[in-house]
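The two complexes that follow have subunit A in common; it is paired with subunit B in the first and with subunit C in the second.
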Partner chain A sequence: MEITLREEANVTILSLKGRLDMATGSALKEQVKKLFEKEKTAIHLNLGEVEFINSSGLGALVSVMKEIRLRKGRLTLSDLASYVQEIFEITQLSHIFEIFTTEVEALNSYQAVTTG
Partner chain B sequence: MIDRIGELLTRLRSANSYQLQEAVKELGRYGDDGAVAGLVMALEDSNLSVRELAADILVQRKGETVYRLLICFLADDNIVTRNLAAEVLVRIGLPAVQPLIEALNTNDNDVCKFIIDVLGLIEDERAVEPLCGKLKDKNFNIVCAAVEALGEIGSKEAIPALVAAYDKIEDVRFQVVEALAKINNPSTLEALYGFLNSSDPQILCAVIQAIGSIDDINSVDRLLKYLDHKDQTVAEAAMAAIININHLNPGKINRNLPLDRFIDFLVAGVKNRDKKTTEFTLHQLSSWHGERVVRSLLEILDAVEENEFSQISEILAQVAPSVSDLVLEKLACSPPAMKVILLDFLKPFLNDEIVQKLLSFVDDPNHHVRREIGYTLGIAGYTSAIPALKKLAIDEVRCVRAAAFAALGWVGSEMEFDFLFSGLEDKYADVREAAIGALIIIGGPKVVAKFTADLYHPNAERQRLSVTALGLIGETDVVRPLLRAINHPWASIRKSAIHSLTRISGVTDIQPLRVALNDENSEVRKAAASALIAIQGEKAVPDITFLLDDKDDWVRYHIINSIGSLGVGKYSEYILPYLDDRQGIIRVAAITALTRMGYRHASPALKKLRNEENTSDDKAAKKTISGLKGIGQ
Partner chain C sequence: MPASEFTYPSVAASEEKMLDDVKMVLQENGVDEYLQDSFMLVVSEAFTNALVHGNEQNPQKTIKLVLNVNKEVLSADIVDKGRGGLDKVEHRYPPTMFSEGGRGVDIMRHFASSVRFTETQYGGLKVSIRFDLIKKNKEERLT
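After this line comes the complex of A and B, so read on.
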């Protein structure tokens, strides 16, 4: 899996591409850990190009979510492909993640809180 | 023509609505003054549609006679006629301004007032000077109307005359301030600052409001002292004015404002969805979140919009985590609906300590609250909540059980797998699905082993859930059980297993899939072919070509499409024979596949198919042809 990273208005955007499974889930957790070291806790994951996600991938997302919550940060997701969306519905993970249809909508929501 | 107009004017007295309208329409076609007079007369008709028709025609006609007659009608005793005449003049707009200005000299004060009103509504600056002249009129109504009209026109040229009127006529001060507010020009500010010395609270409020409507950040210093005004209405007007200037100059006002006096005012603004007040109040929350403020905000949580709800919650979670104590305190004594709202509000605050305090709500008498507690404990993610979640998972209400099982998936570990599997015995599907969801997240060898065993569970539903779960767990250790499931006695399980294998990487043993190509069930054969193509790509083609002659036409159709979707020209030889198949749908699939493969000779076959008008598959053929136009020809 490829993870590309960029920063926009104090939000770190990670765009994931490929399969999110055990190996790549660990890579994601590592990447997020590095962001914590830089005190970055406003993180957005663009899942638009995630073609497959399994139990370990879901576990990695839940783990990232818990870590961010402990640090009083914020995690948002966007652009879920229909297959990924289906798994989120079955596992009801949409209750614990803030999910937006598009990355722009997600980033706007950060803006609303900071300028509010 | 004159006779005809006379005849039409007579018809205007007709009781027949149709005849009346026809007469008005015909009068509209004549340029004669008499015809115009007839149209103006029609404004008095008792029939609304006749009046409106006449008005529409007059607006189009324009001309001196029209203006003169309409102005006369401003003196009509009938208020409806008067208003319609005024409306027509306003709609005529600029061409009517000069005749209206000339008519201002009338001795009839009522007509003069109506003319002023009309001039104000037309908003043309030519009227400013004559209207300023009317500010000196002896009649108070005329002066008032002139002030208001000057406000409507909005020209800064009127400012000196209006300021002079403020100074000279006490009774017109309020209207002058309103007019200056409408002119909304920075050059009014000096005069408005001067009016701040008014002892009349009503005028003072209007002056403050006018100052607040003008974009000048320097006004804030002038307004600050009114925040302490003894009259709360004046103080709130000053706060509203500062909020407005803040809105026009975001982030530029850095003053310590005595906000505590305005808690009710600001919170009411948020509750009433006043955008500027909400924006201001939420911004202040980062440094202004005393107990009274938070308590007031908690009272209106059920009235604010979703995004503002989240903003309040997230801002307070960042700057004042202790707010959660107030929320918990309120939670204990709130009705069920408010409890649910407060639990949602608490989400950004969640920590181990709050989770411990929430555990007591597991026994709340209301099941909506218990369900929300389940979700909240799950979102918090603390393992200390697992016993409480297990208790909720055996609640008497199914939605509570479903929420608790879902939450256990977010919090739990493989250690809970036995308990989670007990959820699969629930009599309600939503609870069983929540338990499956939890097991999918938890995954792991024990869960996979149990689901593998469940593929042969006596209950068919458990078998279905197991194969779905194994597919969604999607780890490499589910490949072997899924390959075994290809031999399952149930076709739906075999098909589902094959579908899951298509997605999971690491399928090296493809022999069971090859065997499934000969399955007795056509859906399984199709799924096996798709899986082999997905796993092996074009290498799978030789294995699946025998299905081109399958007894089921839909299998043949599927195989042709699958080979075609690879877009590899060398496989066209497999497809070519099917251009002459007995089944139209197969011929269509063959043409589609060949076109995708870039096979140019598909074109004649396409033309031949187009000529087949009477085949049972005519519609499908036409659809395909139209879809292929851009590719094949």
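After this line comes the complex of A and C, so read on.
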């Protein structure tokens, strides 16, 4: 899996590409841990190019979310393929993650929180 | 078509290799993309279970995968060399909302036509997954 990072208006955006499973889920957790060291806790994950996710990948996302919440930060997700969305629905994880249709909508929501 | 058989060491990197192998077999047999995704997901759940809970990531212990693909059915048998796997499956606790694991069996049962857990004569767990294509095609025609 490839992870690319960029920053926009104090939100760190990680774009994931490829398979999110046991091995790559660990890589994602490591990447996020490095962000915590830089005190970055507003994190958006763009899953638009995730072609495969299983319960280990979902577990990694839950782990990242819990770590961010512990640090009073915020995690958003966007651009889920319909197949990935279906997996979030059947596991009911769609109820605990903030999921946006597009990255722009997700980033706008951070602005709304800041200015609101 | 004859069965495709693969054997993997119980290391995390085997999951990627296994997914590549399954995808290759499905593509060679012209299986449609949604079915490929669903089948690979279900096989990966059984494989991860064998890797982590069955063989406890011991590289000396292998995981066997047998695939059968034809016009009527996609099936996979995943066999580990652990002990007491059947008991663990039967007595598993359902995951809470914030659990990091425990969702694999539910995902398998959602997508597959059937998932069967049995114990091998050596005490390992065998997971038999079946996607009935004929039934699925009939359902699609009815909707």
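Keep in mind that, in the parts below, the second predicted complex is superposed on the first by the 116 of 116 C-alpha atoms of A that agree within 3 Å, B and C clash if a C-alpha of one lies under 4 Å from a C-alpha of the other, contacts with A are read in each partner's own complex, and residues count from 1 in each chain.
We adopt the following convention: contacts are C-beta pairs under 8 Å (C-beta built on N, C-alpha and C of every residue); 3 or more make two chains touch, one makes a residue touch a chain.
It should be emphasised that the depicted structure is a prediction, and the values quoted were computed from it without experimental measurement.
**Student:** Superpose on subunit A as described above, then tell me if subunit B and subunit C fit or clash.
**Tutor:** Superposition result for subunit B and subunit C: clash.
**Student:** Residues of subunit A touched: more by subunit B or subunit C?
**Tutor:** Touched residues of subunit A are more numerous for B.
**Student:** On the A-aligned overlay, A:K66 touches which partner chain: subunit B = first, subunit C = second, or both, or neither?
**Tutor:** both
**Student:** Have a look at where A:H95 lands relative to subunit B and subunit C in the superposition and call it first, second, both or neither.
**Tutor:** both
**Student:** Classify the contacts of A:N54 with the two partner chains as first (subunit B alone), second (subunit C alone), both, or neither.
**Tutor:** both
**Student:** One more residue to check, A:A23. First (subunit B), second (subunit C), both or neither?
**Tutor:** Touch status of A:A23: second partner only.
**Student:** Looking at A:I87 after the superposition, I want to know if it touches subunit B, subunit C, both of them or none. Which is it: first, second, both, neither?
**Tutor:** So A:I87 meets both subunit B and subunit C here.
**Student:** Which listed stretch of subunit B (279-287, 477-485 or 603-611) steric-clashes with subunit C in the superposition?
**Tutor:** 477-485
**Student:** Show which residues of subunit A both subunit B and subunit C reach, each in its own complex.
**Tutor:** Correct list for subunit A: 19, 21-22, 52, 54-56, 58-59, 62, 66, 83, 87, 90-93, 95-96.
**Student:** Which residues of subunit A touch subunit B once you look at their complex with the stated criterion?
**Tutor:** Those residues of subunit A that touch subunit B are 19, 21-22, 52-56, 58-59, 62, 65-66, 69, 72, 74, 83, 87, 90-93, 95-96, 109, 112-113, 115-116.
**Student:** For a test of understanding, state which residues of subunit C touch subunit A in their complex under the given definition.
**Tutor:** That would be residues 12-13, 15-16, 19, 34, 37, 40-41, 44-45, 48, 51-52, 97-104, 106-107, 110 of subunit C.
**Student:** Going by the contact rule set out above, which residues of subunit A touch subunit C in the complex?
**Tutor:** Residues in contact with subunit C: 19, 21-23, 26, 52, 54-56, 58-60, 62-63, 66, 83, 87, 90-93, 95-96.
**Student:** If we count contacts the way the header does, which residues on subunit B are in touch with subunit A in the complex?
**Tutor:** Residue positions touching the partner: 250, 279, 282-283, 285, 307-308, 310-311, 314-315, 317-318, 348, 350, 375, 378-381, 406, 409-410, 433-434, 436-438, 440-444, 472-475, 503-505.
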